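Naming follows writing order (A, B, C, D, E, F, G and H), and every chain is counted from residue 1.
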Amino acid sequence: MTEDQIRKILEDYKNGALSPDDALNRLRALPFEDLGFANVDHHRVIRQGFPEVIFGLGKTVDQVSRIVESMYKNNHNILVTRTTPAHFERLKQIAPEAKFYENARAIVIQKTAEILGKGAVMVVSAGTSDMPIAEEAVATLKVMGNEVDSLYDVGVAGLHRLLDRRERLAKARVLIVVAGMEGALPSVVGGLVSVPVIAVPTSVGYGASFNGVAALLGMLNSCASNVVVVNIDNGYGAAVVASLINRL
Amino acid sequence: MTEDQIRKILEDYKNGALSPDDALNRLRALPFEDLGFANVDHHRVIRQGFPEVIFGLGKTVDQVSRIVESMYKNNHNILVTRTTPAHFERLKQIAPEAKFYENARAIVIQKTAEILGKGAVMVVSAGTSDMPIAEEAVATLKVMGNEVDSLYDVGVAGLHRLLDRRERLAKARVLIVVAGMEGALPSVVGGLVSVPVIAVPTSVGYGASFNGVAALLGMLNSCASNVVVVNIDNGYGAAVVASLINRL
Amino acid sequence: MTEDQIRKILEDYKNGALSPDDALNRLRALPFEDLGFANVDHHRVIRQGFPEVIFGLGKTVDQVSRIVESMYKNNHNILVTRTTPAHFERLKQIAPEAKFYENARAIVIQKTAEILGKGAVMVVSAGTSDMPIAEEAVATLKVMGNEVDSLYDVGVAGLHRLLDRRERLAKARVLIVVAGMEGALPSVVGGLVSVPVIAVPTSVGYGASFNGVAALLGMLNSCASNVVVVNIDNGYGAAVVASLINRL
Amino acid sequence: MTEDQIRKILEDYKNGALSPDDALNRLRALPFEDLGFANVDHHRVIRQGFPEVIFGLGKTVDQVSRIVESMYKNNHNILVTRTTPAHFERLKQIAPEAKFYENARAIVIQKTAEILGKGAVMVVSAGTSDMPIAEEAVATLKVMGNEVDSLYDVGVAGLHRLLDRRERLAKARVLIVVAGMEGALPSVVGGLVSVPVIAVPTSVGYGASFNGVAALLGMLNSCASNVVVVNIDNGYGAAVVASLINRL
Amino acid sequence: MTEDQIRKILEDYKNGALSPDDALNRLRALPFEDLGFANVDHHRVIRQGFPEVIFGLGKTVDQVSRIVESMYKNNHNILVTRTTPAHFERLKQIAPEAKFYENARAIVIQKTAEILGKGAVMVVSAGTSDMPIAEEAVATLKVMGNEVDSLYDVGVAGLHRLLDRRERLAKARVLIVVAGMEGALPSVVGGLVSVPVIAVPTSVGYGASFNGVAALLGMLNSCASNVVVVNIDNGYGAAVVASLINRL
Amino acid sequence: MTEDQIRKILEDYKNGALSPDDALNRLRALPFEDLGFANVDHHRVIRQGFPEVIFGLGKTVDQVSRIVESMYKNNHNILVTRTTPAHFERLKQIAPEAKFYENARAIVIQKTAEILGKGAVMVVSAGTSDMPIAEEAVATLKVMGNEVDSLYDVGVAGLHRLLDRRERLAKARVLIVVAGMEGALPSVVGGLVSVPVIAVPTSVGYGASFNGVAALLGMLNSCASNVVVVNIDNGYGAAVVASLINRL
Amino acid sequence: MTEDQIRKILEDYKNGALSPDDALNRLRALPFEDLGFANVDHHRVIRQGFPEVIFGLGKTVDQVSRIVESMYKNNHNILVTRTTPAHFERLKQIAPEAKFYENARAIVIQKTAEILGKGAVMVVSAGTSDMPIAEEAVATLKVMGNEVDSLYDVGVAGLHRLLDRRERLAKARVLIVVAGMEGALPSVVGGLVSVPVIAVPTSVGYGASFNGVAALLGMLNSCASNVVVVNIDNGYGAAVVASLINRL
Amino acid sequence: MTEDQIRKILEDYKNGALSPDDALNRLRALPFEDLGFANVDHHRVIRQGFPEVIFGLGKTVDQVSRIVESMYKNNHNILVTRTTPAHFERLKQIAPEAKFYENARAIVIQKTAEILGKGAVMVVSAGTSDMPIAEEAVATLKVMGNEVDSLYDVGVAGLHRLLDRRERLAKARVLIVVAGMEGALPSVVGGLVSVPVIAVPTSVGYGASFNGVAALLGMLNSCASNVVVVNIDNGYGAAVVASLINRL
């Protein structure tokens, strides 16, 4: 709650427009809706121009559909991440325009396609198997109003594939680099550009990759100083931060 | 090397301005200086407006001073991180204007104080013991041309200390949040602002903090989606990315 | 065995009420029943006013039902945790009044609803996905005779949801705080109240949450000094300790 | 800030006792004192009857002494944990009544010896080497107004040492059990009593004890359901929670 | 190969009973049978009076049955560990007297019931869920010719269950103690007896038990100095060593 | 791209055989084919005499078949690792000569059987369960043009099985040693030969083998100094390096 | 306390030799001496023929000397492990016959040299750097009344050094095998003998040996089934168990 | 021992040149020298053309000098790794020609400079701080008779530094790549060459580098299939294997 809002409530109260109880209530009022199992936070959307986002993992079809219903009356884009075909079957009934990006495990209900970012975000991924996470990032970036370019299967053991696309890399305002195994790609990309690089380790690999730990550690220890990191397989989170940067 | 540079070399070669060997050499020429134990990369500075930065840890006094000498002829700010009093004693002789920020373990040779960032960067830290890392971030931010605000000792167990400064938080274009122990502060700050938050776990704590691992994991698993993470105690890296964002 | 019991046996023996062998046996007698694969401990219940509790995980339907049969003749509440629908099918035949709390994976056979706690226990959880563990705690608290209040989906990235219910928090005599991911909620709640907070990390999360390790470490390193911790997903254990505290 | 306080400010503002700016300021006013590097939280003490506590680890002599000076004007007990002889030398000059408990690494400035707990807290430790942590708990318990009983060197490999003191165990309202190595003592003690047991793993041990990790895991997995756990070597935290329980 | 065997070959060679090539071959000859995918080691059995043992995990039905066929002609007991019903279906056809111990995941083909151990081996387990591993140990002990006593569900949180059977414990020449969760039982048992205790951690537990790591660490750090440890869930290995000790 | 190629392009450009744009394109031209989700690298094959290799894990049947189609027109051997029966069903339609090595999870399309290695590579494995990884190595070695010898089930607890085949070991130009559990076999083999040993840890084992971590650490810490290590279960990688060494 | 002792107390009480209070006290009496910081357990020695053992690590000179003084009146051997020169300086004054084994970090006060073991214990170690732990085992074995043979620097990369001493190995009744790095030696020795092998991992190594973890895991996963394991660097514990076995 | 040697002993025995006991002894004779604490293995040197190597870490000055004395009579190069100035002071007295490579922590006593490798070995390192390990590799390579080229400070964040030296890379017969932090350099180098790459992770880094674990995991998960790995900081081991390859 901002200072102006407090001042306004104080004034309304002084000139009698608000009773003491009303003033007190206002000072406590919060723009979220309590569904019992979830507090839907409309406030965040209003404040930030975000789509409304539901983390689908571990939620029942009922829970997801009730949250979407609560959101659907507003005029914002809706994004469901880590979702399932079962979720989609139900949501189609609430929102016929819903689209299911199966690789990305994402459902998008797009009500506005307004571009909010000032430039392009580039999504780069190391191997074919990293693509689902890269595509989660792409879907999120689009629903949040960004121009997106993408470049897949450009792992560091075949540098020419990457060096050849250097100009495209140079055009991005911020980059998301997705890699499993040794997670070296963000360091190499970071050395080729002068803008922030958001590294996303993936759980791709086997043996001593430990489901993404090797890639995560590689990225945290990057010798390129323009690299920051998000959680393993968190394409969504990388896209949110890239969007925020791209709107600055 | 850009396309234009290649075209220019090709032309010079065709019209005889370059011999075959010269053309070949040019195609290979690189703007770095080889000191034997280190390749000083003047290129990066030219390209990015960065200060020249030396990672002091594990380098001898001789190595650091020879690198600084190689850099000193250029007109860029110089930053030595993870440095020691012994490094400083020697560097003062090369650059009398050098300043030693002891808490931050940083030496700064400032040749320009030009402001390159478009807004303010805020550095928030959880506990008194996290301050050295917060101060490394502050020193780096300043030498890279940012306005900086800072807020220390506002851990999540005493929320009022943080909520009271909400307006200052709201003014930042990007925030760096430094915390050890459970590393919860970035999540809380992330929920209060609408801009990117760069989380820096510190090795502060004992027992099951495992020298910063607990804080690192906490930050990677942040429920606030505008949080990205750098390595444990990497105040410098956080400041570099914050600077890049602040220049956008 | 208490001193009084030893004195009584000695006296009975001296005045001939007990033979030497009987005295010896009494000194060894223990109020548990040996089923071969399990020693049912009726003693604990008598001593502590506890429900009789069976940890269902890894036990066959036969084993669980035989233990329940051994307990059912006593007049105490019975609780089966980490249970399955198959367990329930069988137990309904032994105890028709048995109830299955599916989310909480708990079966309750309630014979008394006596309130044994002196105040209310509050159960707070961070996300919708943490609810099964929170509900295991609620079911346990109720069967152990506590008044319970609960508050779900109040994660630290949307502090207003929590701050708004501060009064309810303040009324609890002891709190159980359930959280996955970064596990920061107990630290924040701990700073808002003056009573003990029992933190339950959950295995909710992905990637570097390592099935609850991130949350566990976060809670162990809490900067709030009124926080203690139980095992990952151990809603039952938290409820037992909360009950013991609430009876003091 | 409570509802009553908000009502009072609203009233004062309405009847002119407060100007708009003053009302605004009051709504923001917080009972902590900003030393730049630390926000001293007098509020917590007022609210909770706590001593004022300083975590000494990683703080300079100057920082500790300035915080103590800020606290000393109030009439509360002061406790410095993880402190050093150097801290003590300086603090003696501020507070001649300060006492240094060297084993416990604690400094106590006791201004009141009022008993606030309703019963006794028992501190049990497994080995001689665990004593410093046990003594940190004892010192904290005393400065927070508890009666304390203690029992040292009663590890589980010599059960008779523990079983012999069963009556003393039975008298405690809450127990703190301190153990390194395999950390089995809290499970055994937990089975002997009917009240909460707060387990403190210590970093005592070698090899695969991993500085207390073995003990920590042992305690988190205790088969006694009345056991809760704090961080490795956190005798202070255990004592705080025991005090809160003992005041209920 | 022993010295005597070498002397014998040398002699036979000298007196012409062996050609040079034959002598060479004998010096290399080894009593194992090469099945291509497995080298069946009849030697070990001859030397040690062991049953022939097949580790079933990861072996196909074909592989197991071919190994058993190769062994069946000898007159030794055969033991298959970590086996499956599918293995058993096939083995019954080779050896109709084969018995399947389902809980223990063991198949036994018993050709001799000779007692080879000098005393009794006691198998103690902490919880009902630890029983499969305890029973693997029991099955192995029996097939290796030991008298066995067993005691289940005597976890350390209910010490009276264990203390009551102290006399039975005292009769064992060597003990195997099986426990999951915190793995404290071997330390307690170790303190009650004067003979070697072989501790078997089990993967029973959840959360921070990490599939037996907590129990393993607890046992390795046992404060009872007569405790040695085998791998998690390795009831078979514990029984082998107990048998060797019992034959001494 | 080599110096010679650059010189050739420069010359062609100077003498008019290449237009400026063509020269530029050539300088950028790269011998890979972009399938959108994969960049097929024909270059590597040309340069190194490698088979074309596809890592099948996590790739759809469609993706694998499209990559194979792109490769099939060239005259090189094709190898698909970590593949599935579903992959094979489809590939048979493209390449009827394809063979599926089920144990090794490998598909081979062999167009040339030319021997490229100068000697034999020996593959040694510790247990029957390690054979799939050993066979992946063997399949890879053959498709890359090596003579191969193999020796299975020669674990270190039965040294005679290994010592007996010492002469065969001595004939190898390079050895691959595959082992799970404690991973000791490479150290022992390394001490018996004077050539490089490539150690492959497998995920075979249980409990504290941690899916191959124990074997991996054992091999990294080998006291034999002629041992190098690849990732857990990476029979393919070991075979590639062995092939490269064998061609030297 | 044994059954006989209870019977005796009961009888004495009945015939008036004991008053009720005396009987009660006897039933509680325990043969340990409480020094405040340590409970010296004379009972164990009487029962087991053990030397009295003090774990020196983390104990002050005062604590160690007071414990020794309490023990010295008895006629048992005394062993101080993990001790220091400072401990020795003091103990010499109490017991002039004390000897300091510096490599083994052990002090021995030998009052009897009676041989209690029935055969020889062999101590084998892999490298020169493992010798201090091997020597701790040797010192303990001797003070506990065993014949000892030892064999050092016989690591598995030079098998001939071990195979050559096979006869000496074969003579041992039980073996202790000490190894750091990959910890493979116990598996190899285990395959060469038919008696129990107690494996002691040492913290010798660097890098991925992780202070003995690699060796520990190697030993726990030994493919030789006659191997049991103790904690890292626990030469003392191995010797205790070997002594117990050797007395059987 | 080879087959020929066995045949020779058999023959000598048959024709009376050897008594039975002598024959037996010969069959057991081993070319190593037992110093009590170390078995000096002259055999290995004879067999492999290796220098004699002493691992200095954890050995006393006395132990190292006695081993060197035992070796010095032979005419082979001697290498002491992980050594100290104290070792060197003593060794100079035995071998005045000894040289101390301080950065590499290596002492070399060079008696022959014969080139045994068929080509050049290239040592590449990522950062200035990785140089000591790179130099240990260089020193070892030289004493083992290789031509060596080296390239330092060419980390992946500044690719141009590496790409510029591509021709030098291409000339190597085998490469050693040394890197700390994220350990990405071997993957990049591996993609640029067609020969084996031996990756050496270093303990250089901080925070989540975990003393080289991040680099180690990165290298084990390399997407370049011509990369094998040795232990953290094991420059010596990498050089041994490179030498063996270079002699093929």
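Some points to look at:
Keep in mind that, in the parts below, a contact is a pair of C-beta atoms (placed from the backbone, for glycine too) under 8 Å apart; a residue touches a chain by one contact, two chains touch by 3 or more.
Model, not experiment: these values are computed from the prediction.
Between the contact lists of chain B and chain F, the overlap consists of A, H.
In a homomeric contact, the two copies may use the same or different surfaces; for chain B and chain D, under half of the interface residue numbers are shared, pointing to different surfaces.
Rounded to the nearest 5, the angle that brings the Cα atoms of chain C onto chain D is 180°. Centroid distances from chain A, each centroid being the mean of CA atoms, peak for G. Chain centres here are Cα averages; for chain D and chain E they lie 49 Å apart. In this assembly, the C-alpha centroid of chain C lies 59 Å from the C-alpha centroid of chain H. Averaging C-alpha coordinates per chain places the centre of chain C 38 Å away from that of chain E. Computed from the mean C-alpha positions, the centre of chain D lies at a distance of 54 Å from the centre of chain H.
Residues of chain B found to touch two or more other chains are 3, 127, 158, 207-209, 213, 216, 220-221, 225, 231-232.
This structure has the following touching chain pairs: A-B, A-C, A-D, A-F, A-H, B-C, B-D, B-F, B-H, C-D, C-E, C-G, D-E, D-G, E-F, E-G, E-H, F-G, F-H, G-H.
Of all residues in chain H, only 1, 28, 30, 32, 36-39, 41, 43-44, 57-59, 63, 82, 201, 203, 211-213, 216, 231-234 touch chain G in the complex they form.
Against chain G, in their complex, chain D makes its touches with residues 127-129, 131, 152-154, 158, 160-161, 164, 204, 206-209. Contact residues of chain A toward chain H in the complex are 126-127, 155-159, 163, 181-184, 187-188, 190-192, 205, 207-210, 213-215, 217-225.
Residues 3, 6-7, 10-11, 13-14, 20, 23-24, 27 of chain A are the ones touching chain D in the complex. Those residues of chain B that touch chain A in the shared complex are 3, 47-48, 53, 118, 167, 173-174, 194-196, 198, 216, 220-221, 225-232, 236-238, 240-241, 244-245, 248.
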